[in-house]
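What follows is a pair of complexes built around subunit A, which joins subunit B in one and subunit C in the other.
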Partner chain A sequence: MKNENKFTEIVKRLGVRHLIFFVTMIVLAIVPLFVNSYVLKIFQSAAINMIFGMSLNLLMGIGGTVSFGHAAFYGVGAYTTACMWYHFGWNFTSAFPLVILFSAIAGLLLAIPMSRVTGRYVTIITLSYAEILNLIMRNWTKVTNGVMGILNIPNIKLFGFELAYKDEQYWFILVLVVVSYVMINWLVNSKLGRNLQAMRDDSIAAEAMGIPLFSHKVIIFTISAIFAGIAGALYAHIYGYIDYTVFTSNLSFNCISVVVVGGLGNFVGTIFGALFLTILPEMLRNVEFLFNYRMIVYGVILVLVMWWNHSIPGAKIKAKLRSIFNKLIHRNVESVEEV
Partner chain B sequence: MFIQLLMNGIALGSVYALTAIGYSLIYSILQLINMSNAAVFLTSSVVFYLLYNSVSKGMIFVTFILTLAFAGCLGYIIELVAIRPIREKGDGNTYALISSIGVKTILEKVCQGAFGSEIHPFPTLLAGKNIVLWDGTKIEWIQIIIIVASLLILTVMTWYTQNTRTGRGLRSLSQNLNACHLMGMPVNRLIGISFAVGSMLAAVSGVAYCMYLKSISISVGAAIGNKAFAATVLGGIGILKGSVVGGFILAIIECFVSGYGNSTASQFISFGILIVMLFIKPTGLFGKKEQRKV
Partner chain C sequence: MSLLEVNNLTIAFGGLVAVDDLSFTMERGQITSLIGPNGAGKTTVINMLTGFYTPDSGEVKLDGELTKGWDTTQYVRKGFNRTFQNIRLFSNLTVEDNILIGMQHRIPYGSFLSLFPNKVKNTCEREAREEVTEILKKIGLEGHRYDKSTSLPYGMQRKLEIGRALASKPKVLLLDEPAAGMNPKEKVELSEFIKSLLNDVDGILLIEHDMKVIMSISDKIIVLNHGAKIAEGKPEEIQRNPEVIEAYLGRGGKQHVDAGE
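Take a look at the complex of A and B:
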């Protein structure tokens, strides 16, 4: 009895969402003990997608701006760490501050035009910005090695300690997932985060209440870009090879699917969305007639989720399910009363 | 050199313009950027290729008409399945936009699965025949065919939107959707038709572009889709005239830059122009200023 009280107290203090998050992280942390290295690789990329998805969710769910070019920041992070290694032989630890710096600059550059516009221009500017950065990655041969890409990027080195094994790398990424989750949640509940949510709900009212829209939008873009850049840097080191084709608009759209599946502003949802959308296409690899078509999952999921949440038939089905559910509960209650 | 580049630019520009009209038409009615347009461009050229090599062997015009019919149906189905349910609930255009991105992903991946990622030769009209001008510049017949065909289509489109019942319906939809509802117009059907028309235009430009390149690969849609989108914004999104002009301007500048400058710069130029335009006049060349009501 006493234990139960303690448990409920913990749940109350942490919140159900956070509890689910930490339990999921613990479950994910023991995954490497049971699976082979191929499956572990999938889990690694799922964990990277979690950070990437959370960074976009910060922008979409809290900032209220849909970025259709988030792959650009991911690419900037990946190319920063890869180029630092390629040209100067820097390792992950020493390049990490630069990853943060450059992705922040990339975010800032986008944020300044972005914060002056609304509506359709958001789509246009983010898309074309990502496209321009992609062209730079492709054509600035001296730095990015152009179409060839950068090969044989070494493993992550933390202060001289090399993460040579897949499970070590995986645990390191999970630690970063937890750190970014905690930081993002702290940000969301801070004054800045609350101001941002007010802006998302009604920007004019928020401005009238004295919230500076411009600086807030710039800040949220920069922070979101930093997290995306970190995810990109991890990608570069885990996969060991990058080229410009990775960071196209398809990646941005996949990231949007991850966020949309999990729910806007719901960071635990993003964790599950990333897991689901990374593992499902890999599972479809085994189905022979779907092998070539496995990547349509991302598109199907986008349409289905939009259907479920924002369409009239979806709302009708939901209402029907709810009424059936209520009836079932009601019936049970009646039967109990009869007894 | 000059005339050669100009002709290249006009031919490419008509491809851009036809796709751009598809974006603009739907934007003018729903204020929705229909991302699936680029995928329809790709899908219909893939369908053209597959039909040409299997069902209607060697008959370009029959294949072309079949492809057009396919693209029209595809556009209508996209609207019916992915856009209409979301549009009717009225939660906001962002959700319909995300849904259209889903459609785009599905179509692209299906094409990739069916087609592979190799480059295939594409059937073309009057292959290898050139007109030689007075100063020795060669102009391919296919360029002239594309230019004439697209001018024809633009004329037909103008006539269609000005004079037919459906066209007038589309124009009134773009003026005021709610009033059209109240007047008892078949709004859903008209929007479906606008998607079908946009898709057919994308199909024409897709087939024309592949004929011009004489080859087809899976990356065709993405490149042209983005450029056409840039052209739409340049001319003012939602304004048909603007997107045609934007398409020609972008294509001609691109061809001249790659001819006299270098080809790397030509890849940047369209997005560079776009960004500059957004700073100077965000509503585009022909755009009118909007006022926001609180």
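Take a look at the complex of A and C:
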């Protein structure tokens, strides 16, 4: 009985979503003990996609702007850290502030035209912005090494300690996932986050309540770009090789599917979306008779997931789960005393 | 000095003059009503008084201060707030959050302090939430604090929208057709409610089509037709004004009114 009280207390203080998140993180943290290095590599890229997905979810789910060019920020982050190493021999830690700075600038530059348009123009501008940055990556040979890409990017070095092994790298990424998750939640549950959600729901009413739309749009774009840039920087160091083909619109669309499968504004969902959509193609690759058709199967599964999210059976199961959780939480405790 | 002074306000959209040389004043502690047939330019007036439209000419003075050059955030900070004709609540937010958005410009911490936990943020949020309790009491929605705003019944959504506007502590509250879509009983309640709002705001500008509501609570009525003011006065005067009757009922309407029809 006492244990139960403690459990409900923890759930109540954390909230069900946060609890699911931390449990998932613990489970993910022990994954390296059981899998081989190929599978671990997949988990690494899933973890990077989590940060990338959360950054886009911040923009889409909270900021209410769909970015079709999120790969641009990812690319800016990756190229910043890679170029710093290539030209000056800087390691991950010393390049990190620059990763933040340059991806922030990339976000800021996009935010300025974006805050003046709505609807289909958003799509066009974000898409073309990403294409422009991609062309720069491809053609600015002096800096980015052009179509050759940058090879042999070294492992991440944290203050002299090199993360040489896959499991160390993986845990480091997971730590960054947790940090990003916590920071994003701070933002969402603040005045800024509330104002952004108000803008997303009804920008006219938000303006009438005195919310400065322009500055808020700029802030959310910048912050989202920073997280995407960090994910890109991790990618560069984990894979050791980048070229412009990585950061095409294909990557942006993958990221959008991660967010949409996980649910807009639901950051725990993004974690699962990233896991699911990173691991699924690899699993399909291993099924021999499906190998040639794996992208078709992937597409069908994606459609089914989307349908399930909005279907009646899906909604019923969600409601059921919610009521079970509520019962669990409120079994011993009366309604929450608010201030 | 009047609370609000509007002088020669004019705005045109292309060739259409939506509001033509409109002047009026609002006094402290009064409900001023703006009526007129559909398309008379009433909502346009509200849009100009909250900074959504910039008038082509004319001026607005709040407590003697010119509003020229303000942006929408300044209008809210200086004491204008409004509701909308078709309810515009933040649909995915709770009732509490909707009210908090209303008072957002009075919560004294900025975007930077939002990014991480700190004492200022915590204190401000706690105080703001305490204030939400008072406002919810005022509008009678204490029991719905954590409900999604769109899950409320229609009448409550109207009240929540008014509560949201109240939360910004406006001097002038602009209500755009608050009684639209309500049944007669709700309308009577609403009239009482609007009257009680005068304890919290300095003045109310009310747009409404329902004459019972208008006539029972207005201190002054301004009648617009085709963007121009055709009459101004106390409810009784307006009821007998031939030009108003013509605008509403057409020429010859006066005989019907005289005949008591």
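Just so it is clear, the second predicted complex is superposed on the first by the 291 of 339 C-alpha atoms of A that agree within 3 Å, B and C clash if a C-alpha of one lies under 4 Å from a C-alpha of the other, contacts with A are read in each partner's own complex, and residues count from 1 in each chain.
Heads up, the rule we're going with is that a residue touches a chain if its C-beta (ideal position, glycine included) is under 8 Å from a C-beta of that chain, and two chains touch if they have at least 3 such contacts.
On a predicted model such as this, the values are computed, not experimentally measured, just so you know.
> Looking at A:L19, would you say it contacts subunit B, subunit C, both, or neither? Reply first, second, both or neither.
In the superposition, A:L19 contacts neither subunit B nor subunit C.
> Quick check on the superposed pair: does A:G210 touch subunit B, subunit C, both, or neither? Answer first, second, both or neither.
Only subunit C is touched by A:G210; subunit B is not.
> Go through the superposed model and pick first if A:V31 touches only subunit B, second if only subunit C, both, or neither.
Neither partner.
> After superposition on the shared chain, which partner residues are touched by A:S128: those of subunit B (first), subunit C (second), both, or neither?
first
> More residues of subunit A are touched by which partner: subunit B or subunit C?
Counted on subunit A, the partner with more touching residues turns out to be B.
> Is A:L192 touching the first partner subunit B, the second partner subunit C, both, or neither of them?
Second partner only, subunit C.
> Is A:M183 touching the first partner subunit B, the second partner subunit C, both, or neither of them?
second
> Which subunit A residues are contacted by subunit C in one complex and by subunit B in the other?
204.
> In the complex formed with subunit C, which residues of subunit A make contact?
Touch residues, subunit A against subunit C: 183, 186-187, 190-195, 197-198, 200-202, 204-212, 215-216, 219, 223, 265, 338-339.
> Spell out the part of subunit C that touches subunit A in their complex, as residue ranges.
So the residues of subunit C touching subunit A come out as 50, 52, 72-73, 75-77, 81-82, 84, 88-93, 97, 100-102, 104-105, 107, 109, 111, 113-117, 121, 124-126, 129-130, 145, 164, 168.
> Which positions of subunit A touch subunit B when the two form their complex?
By the definition above, subunit A touches subunit B via 66, 68, 113, 117, 120-121, 123-125, 127-129, 131-132, 135, 139, 204, 248-250, 253, 256-257, 260, 292-293, 295-296, 298-303, 306-307, 309-315.
> Which residues of subunit B touch subunit A in their complex?
My answer: residues 27, 31, 33, 81-82, 85-86, 88-89, 91-92, 94-99, 101-110, 112-114, 222, 226, 229-230, 233, 237, 264, 267-268, 271-272, 274-275, 278-279, 282, 294.
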